């Protein structure tokens, strides 16, 4: 059960999908979230899934919030720009097979909107704090690399890391099976859990906007990232606590040592 | 596989769903269970699910009892009252995705009966024994808060806790996606596992009946809660033991330390 | 995916289903297996399921054997006897929801063959070696107890144990939902894992044959139980080893302490 | 969700399926992989599944690679040869029920291509380094053994090992249910995790080609195995790392001790 709720059916011309769900360093989440804000992209659909954590969040004093992924669109305004669909959200799937199911559901949906190209944004954990983080790229088709010739993206991700876990990887792997082409941009980050890395996000953003011919004012990035970070950290902390509460509720024989993960 | 068995199709006018499944402090279970008894609400449907624990309980000396959730209805008898559907039961889902599936199945069912509003009842674990437990509220729509102006419900749940796990949260989150409106009432309780908290249940009940314009005799609450508690504790203990027996039956390599949880 | 393969469609008159799958002390498995042998009951269907362990067994020197449950029938030969369907097999489900799915699949099948009554056979773990094991009973309907008045079955199972895990419980709980009536016979046994208890099986068998008006020669029970035991122990050991091999094959980060169970 | 993508529909005459997916010692993977290379078998279909690990791999510097199983065919060229379908791939299923689902999906597919016979290739872990590894066989039907009379395959696998886990076992067990006949060839190997055993693979290969009347140049085996090994080890290492990253991404309460497996 993965449900996509559509508010508006935008007419888009050869749109590119840009994915930025939570992950290592939350680089995708903050970079793509900032683009959405700055471009005033419009929310037109959202999805929830039985593969997400089984809880709702509380916002502000008392507002209930179901865990969601959200789709926004941006229509090209200037020459050189192109139509874009953005995917951001609160979380990724809890179970391994859920990753496949949610990504396939989104691909089914955006394919009908004409998407033939995808850029996913993630983090590449180095275990060290990077003074000047690099951006590494990986592709479904070699021909895509030349579009990035004016950027600083290093297409040597394969030397740095052997795999891409979750949505950022599967959107490209499963998209390719449908004839879609795609690039993954990975910002170098320490990879310490629950650390949002705004510097890496900024570097990714600079390269991403360059290849998309977009002008984006970066001056509010730091402030906005710090604002987003609060929310993202909250989700992460809640997921941890929720695991523990679920465990208790279900009366499992849990001791300090056997605290178990919640796996679908 | 979640099966709803219907005994009677009640004709209800704008009914509100009130959920009280087992959870933290079992506040929902005992508060809603007491309302059902006192109002002589009528059972009209029940459900079981592959997402529940794979065992049956033994009642009394020898009666076999499948784990179930049950639906009761109450038709308004006086001016100011309204029709109500109550949901109580033995347990919630064992697996994360099961929570979504069971809640969606119930929502599909009650939507057809005209439900547009929901109140869920749960506990808010404070880690401390509360002399005078408060009731905190969370909502799907801000406009609902004003209905509680004559109650002591504090709509600052979001400051106390960041999330609501399981049915009490998902009924509201998933219900909102269908255009339903809802409130969650959380009674402050210690949150120690397997402790039913009648005092917190009573406080929730007082506020719940006030907002529903119901008069309920509270004099038997303590006795009935203590009676219900026996049953609820039994289910909880059985779930723990069942996990261990299932583990043994399946010949898993279990030592004292590796006792594992049973996850769907 | 639970597949039932039918070899023959027997015409049966008001047949009773008798279930004896592996479980505590393997009492059901050996008692029902012995009845099948002695009554020369005929195999007419078998089932396998994705909910069983993902391996095949090797029999004798080189024969491959898929894990299965098997159905046999016996047609009444004398006055006082009745038609019987027996269910035995190599294993029960690996995952909690699998128990529900496999039991429902069997109930769908035997319902069409006219089954309205069920007896399930299991073990009741006491933690002690019983010199003279008792047989405890539990029922879906109180009226069934009187049929056992000439047996030694004690219908006080509920005082001894609070629940029945797996097939022996769910066949009755889920069967009752379809209007079927049933009894569970639980032989007292130590409950030590991987110990088949022939004495408890014999006691159950004596009571079971009495209530079914069947004459069964018990003289070969000990020999046959010891033969069956070899096979049952093999399955149990294989399940343990399989878990470990699966774990290794999937290259999971397993140390001695974190050896994890394989849960569907 | 297991998707088979077909590039070409070969017309085959009574083809035999030969399976060599990763497993103990990766014997099947390297033996069957080498046959495919040497026979210049043609890839005609591939499959991916939600039951595989939720990540993509990076090849070379920057190419994204979805985890897959692949099907190749070989048409008989000389008298005595027969048409063959080969199944190899990156991985097996992550979850127990996934093994059943993926194997059934492949069987559905190859049954339509006329497959009535299957040979699966795996490893038999002895815990010791074998100077001269033997090949053990197991069968679905005794009559198949005589075909191997001119080989060194010992049909006493049942004395050495009690079960065959995963695809190599289930293809035969589930295939038999469809009336297919099959043999499993198990090369003796130490069974140390993540050690590809080329010597055992060679011994299996010698026997396999003999029974198939195929001439295969073995001179490049060592070089090719060492090449394949790099890739296979990479997948294995990635699966380990992926488990850890997934765990981190999902913000699970993981300490060194509680590193948990990822179970579907």
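The chains carry the letters A, B, C and D, assigned in the order they are written, with residues numbered from 1 in each.
The definition used in the following text is that a contact is a pair of C-beta atoms (placed from the backbone, for glycine too) under 8 Å apart; a residue touches a chain by one contact, two chains touch by 3 or more.
For clarity, every value in this text was computed on a predicted model and none was experimentally measured.
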- Other chains in touch with both chain A and chain B: none
- Same or different for chain A and chain D, when you check if over half of the residue numbers at their contact belong to both copies? different
- Task: Starting from the mean Cα coordinates of chain B and chain D, work out the distance between those two points in Å.
- Result: 49
- Inter-chain centre distance, chain C versus chain D - centres from mean C-alpha coordinates, in Å: 35
- Item | Numbers and ranges of chain B residues touching at least 2 other chains | 94-95, 237, 257-258, 260, 262-264
- Query: Of all possible chain pairs, which ones touch?
  - Reply: A-B, A-D, B-C, C-D
- Item | Partner chain D, residues of chain A touching it in the complex | 22-24, 92-97, 99-101, 104, 125, 137-140, 142, 145, 155-159, 161-166, 169-170, 172-174, 176-177, 182, 184, 191, 193-194, 236-237, 239-240, 243-244, 257-264
- The chain C residues in contact with chain D across the complex are 1, 3, 5, 48-67, 94-95, 98, 234, 237-238, 241-242, 245-254, 257-258, 260, 262-264
